[in-house]
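Common to both upcoming complexes is chain A, partnered first by chain B, then by chain C.
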Partner chain A sequence: MTDAITIKNLTYSYPEQGQLFDNFSLSIQEGEWLSIVGHNGSGKSTLAKLILGLLDFDEGEIRVFGQKLQLETLAAIRSQVGMVFQNPDNQFVGATVADDVAFGLENRQVPSEEMPAMIEAALKQVGMAAYADREPHTLSGGQKQRVALASILALQPKVIILDEATAMLDPEGKQAVLQTLKQLKERYQSKLTLIMITHDMEEAALADRVAVIDDGRLVENEAPRALFLKGQELAALGLALPFAMALQKDLAIDQPVYRTKQELATWLSKLKA
Partner chain B sequence: MVIKIEGLDFAYGAGKQSVPVLKNINVTIQKGMITAIIGQTGSGKSTLVQQLNALLKPTKGTVQIGEHVVTNKTKEKELAPIRAEVGMVFQFPESQLFAPTVLEDVMYGPKNFGATDEEAKKAAKTALKRVGFDATLYEQSPFNLSGGQMRRVALAGVLAMNPQTMVFDEPAAGLDPQGQEELLNLLKSLRDEGKTVVLISHQMDQVLALADRVLVLKDGEIAADEPVDQLFSRPQSWFAEQHLDLPETIAFQKQLEEKGFVFDGLCKTVPDLAKAIKKQLDPTKIQTLGSTISENGEANHE
Partner chain C sequence: MNNLVIGQFVPGSGILYKLDPRTKILMTIAYVFLLVFANSWPTYLWSAAFLLMALVLTKQGLGLYWRGIKPILWLILFTVVLQLLFSGGTPVLFAFGPVKVTLPGLINAFYVVVRFVLIVLMSTILTITTPPTAIASAIESLLKPLKVVKVPVSELALMLSIALRFVPLLMGETDKIMKAQKSRGMSLSTGSLIKRAKAVVPLLVPLFVGALQRALDLANAMEVRGFESAEGRTRYRELSYSKADAWAFGAVLVFAFGFIALNFVS
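Up next is the complex of A and B:
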């Protein structure tokens, strides 16, 4: 197995604040779906920006598909990694929604005759095709997030980093995005690596692995089925349990076993008087 | 203070460029209650709440905010007192941060309404503490913060002004689970203090736990305006039509009802739901099956 991203002994501090990352290491395999969770200010967005080379780390190394992140490789690495930012307003560059999607494609030298179809497909994928001519700043919160996602999907990057990219979506929109991601994972298999930063534990539980960050330290790093059995430890980290696990904890009738909502409903029906 | 909206239409822009958004809205926001506004992306929630403190003026109809009546013709200078009475936390907190430091940012509101430096600082610190903002970051620029930290500063900014009515547009977005729990308690305590709270949220569990009354918007029109229990007693199919979900507890309750469980009333919290389920389980089955359940919820028959 090759790593999509390898972070080794990373050290970083913002000039204005104390040390954030001190000797931080984490690797993400090619084709893996990783969730990153952790309390506010724990360093998740900073880590994502470091991977994209938007911030310069002090020590250590970051590799993307084996290639060491440095000035000379920055462009090559950025063409492989697409990131949807926590605030979509920070991501918009185009005068219209369509321009915004086009911008990234132009940067990757997509032939201009291929662009309209690609733009339309990406906007359709997030249900925003009807808004192609709108100015991004006049969109509603959820519409902005959809467009921000479309701009990244259009580029078909090998690694997608989503920084709380569903936080403003309505329940249906959130399901649609997660469905889209699942389909992309199925289609591209090991060719697509997904990193999802989220506070939504249901969403985090969809991943192959969940990394928990606490003040710049990697404190948990395992499959959701194992992680969400640790009720006490998670609460101490300021985290919550997915709904089914929270309910099961309150039921307190068997050894902890990881169950999804569906699994829990099936099991309870077997125990019914 | 009651806010009364009558016959309101609203469109962005004018003439050929005009985008109609809100249609024939008639609602009353009661004082001392938590009113939640829910609805699909783009249904007009943020547009509607901006009428509540006259950031947007109606295209047609009236908005009565306490003693002030706002119409299309109301002059800008008449709106200033309304802003002091109705505070607003925007959907994207960055859009309301501006001062060089966190503390100054939160002090701005009170100072603007006549507080001394000393008073403003005290109000700011109290507010920041109330939203769980890390005291070591008071002198930081509000722009050098994480998403959830910015959200807390924006929340504190409105709390420090202490307006009678407070509007929160997706306040939980970006907050970690503990922060969301704290927010819930904060909004409840504001109601207990007699404040009028308006909450936009996509998180139905939050709405269920907090709201007294719920407005549902669909394509710019009011699709429902009723007490929270009445709303969530509607069938799942109705929520699907609005492109909305039921809260997790209620959705799970319905799922179990299909499997023969019986509940009287809505279970609003996870502990309540657990209690109601446990009553219906067979203790001997728990004994025999309880600890030998495999991961997929099937019993292991060895």
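Up next is the complex of A and C:
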């Protein structure tokens, strides 16, 4: 397996608030679904901005599919990595849904006559094709985030970074976005690498691997099944357990194993019988 | 604020919707320009007839246009009063002490009202039938010659369309901040004028801070999607003139010749 993104010995300081990352390393494999979790101000969003070259780091290196991130490769790297931001309103450039998806294509100088088909295909993948002519203020937050996903998909990226993309959504919108992500992963399999920055543990549990960042240090880096057994350590990092795991803990079940809500429900019902 | 019709796009199916936005902008400019020179009854009638035709071709109810005029009624009334009182001339119709209302004043006032209403209605027709983005790209296309003298036309057009896109958002935000401040005891409608003016400050500060944050976020989102410069991008919506535009230009020409002729006659 090749690495989609390799971060090696990264050092970064905020312009005014002092050092955040000191000798930080993390690699993300191609086709992997990685969650990056951490409490507020742990540096997880900053990391995403560093990968996309929106911030300059001091030392170390970031490679995207082997290509070193620097000024000359910035455009090439951004053409492979897409990002959905937290606030649905602040990333909507176009006046309508279709115009917004078109924005990235226009930047890439795609000929006008090829755009409608590409826009429709991208919108279909997120289930928003029926909304092509709608204006952003008539859409819900979840719909806007799905449009943001579509406008990235239209550019056919290999990596999509979601920076707290569901944090400002209502539960329904959140579910719709997560559902869309699952479908995309199923469709593209190992051709799509997902990096999901979140502080929602239910969401993080969807990933293949969870990286926990605390004040710029990588403190945990393993599969959710293993990670969520460490209730104590997570609490010390200011993170909550997913509901099913918290319930098992409260029930004082001996030798807990990782279970999703569904699995726990089945297990509990069997227990009763 | 939301029932303001001027500057608002209202979807519809009239012929005017199918015209190229450039045609409509040029038409409106020509109309307004000519109207400034209107000097007699026949020319005003001729102009009103042309406007009526345009109105009908939008296939929108007259109620919509009435709502467009309503917010500026006070402004119209104000100009009427000014015209009535300060036009001078003879014969004097009636007088209150030093203030005289004259016949030329009355006629002038009437002309001003008609001119005002016609201009506002024509611009309302333009914005009702043309989405803001189309207006932005039309302006870009029309200003293209200015690129020769290094005017950043593409950047200006992009800025314009982004600004337009954020108008409803910022309006919603203003409303939200207003409610938040009201719930904390702020009042914009009581107290002396100075007090009220001061009450606007806690409204504007969060609005500006929010707008700046939005601008930064948007810049990031645009950069990530490969935006480098407004130059050299392709266009999703390309403007193209059609047969309807030729008819529209023809109609404007007929109107203009008729207008000039009528103006000469009187």
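We adopt the following convention: the second predicted complex is superposed on the first by the 237 of 273 C-alpha atoms of A that agree within 3 Å, B and C clash if a C-alpha of one lies under 4 Å from a C-alpha of the other, contacts with A are read in each partner's own complex, and residues count from 1 in each chain.
Everything below uses one rule, namely that a residue touches a chain if its C-beta (ideal position, glycine included) is under 8 Å from a C-beta of that chain, and two chains touch if they have at least 3 such contacts.
Being a predicted model, the structure only gives us computed values, none of them experimental.
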{"item": "Clash or fit (per the criteria above) of chain B with chain C on chain A", "value": "clash"}
{"item": "Chain B versus chain C as contact partner of A:Lys124, first or second or both or neither", "value": "neither"}
{"item": "First, second, both or neither for A:Phe103, with chain B first and chain C second", "value": "second"}
{"item": "Greater chain A contact set [chain C / chain B]", "value": "B"}
{"item": "Which superposed partner A:Lys182 touches (first chain B, second chain C, both, neither)", "value": "neither"}
{"item": "Touched partner set for A:Lys191, first chain B, second chain C, both or neither", "value": "neither"}
{"item": "Partner chain in contact with A:Met168 - chain B first, chain C second, else both or neither", "value": "first"}
{"item": "First (chain B), second (chain C), both or neither touched by A:Asn87", "value": "both"}
{"item": "Touched partner set for A:Asp250, first chain B, second chain C, both or neither", "value": "first"}
{"item": "Touched partner set for A:Gly238, first chain B, second chain C, both or neither", "value": "first"}
{"item": "Region of chain C that runs into chain B when the structures are aligned on their shared chain, from 41-49, 149-157 or 203-211", "value": "203-211"}
{"item": "Residues of chain A that lie at the interface with chain B and also at the interface with chain C", "value": "87, 89"}
{"item": "Sites on chain B touched by chain A in the complex", "value": "12, 19, 39-42, 46, 91-92, 94-95, 134, 137, 140-141, 144-149, 151-152, 169-170, 173-180, 202, 204, 243-245, 248-249, 252, 255-256, 259-261, 270-271, 273-275, 277-278, 280-282, 285-286, 289-291, 293-299"}
{"item": "Interfacial residue positions of chain A with respect to chain B in the complex", "value": "14, 16-17, 38-42, 44-46, 86-87, 89, 138-143, 146, 164, 167-174, 199, 201, 225, 238-240, 243, 246-247, 250-251, 253-255, 257-259, 261-273"}
{"item": "Of chain C, residues touching chain A in the complex", "value": "131-133, 161-162, 164-165, 168-169, 172, 213-214, 217-218, 220-228, 232-238"}
{"item": "Contact footprint of chain C on chain A as seen in their complex", "value": "49, 52, 54, 75, 78-79, 81-83, 85, 87, 89-96, 98-99, 102-112, 115, 119, 135-137, 148, 151-152, 155"}
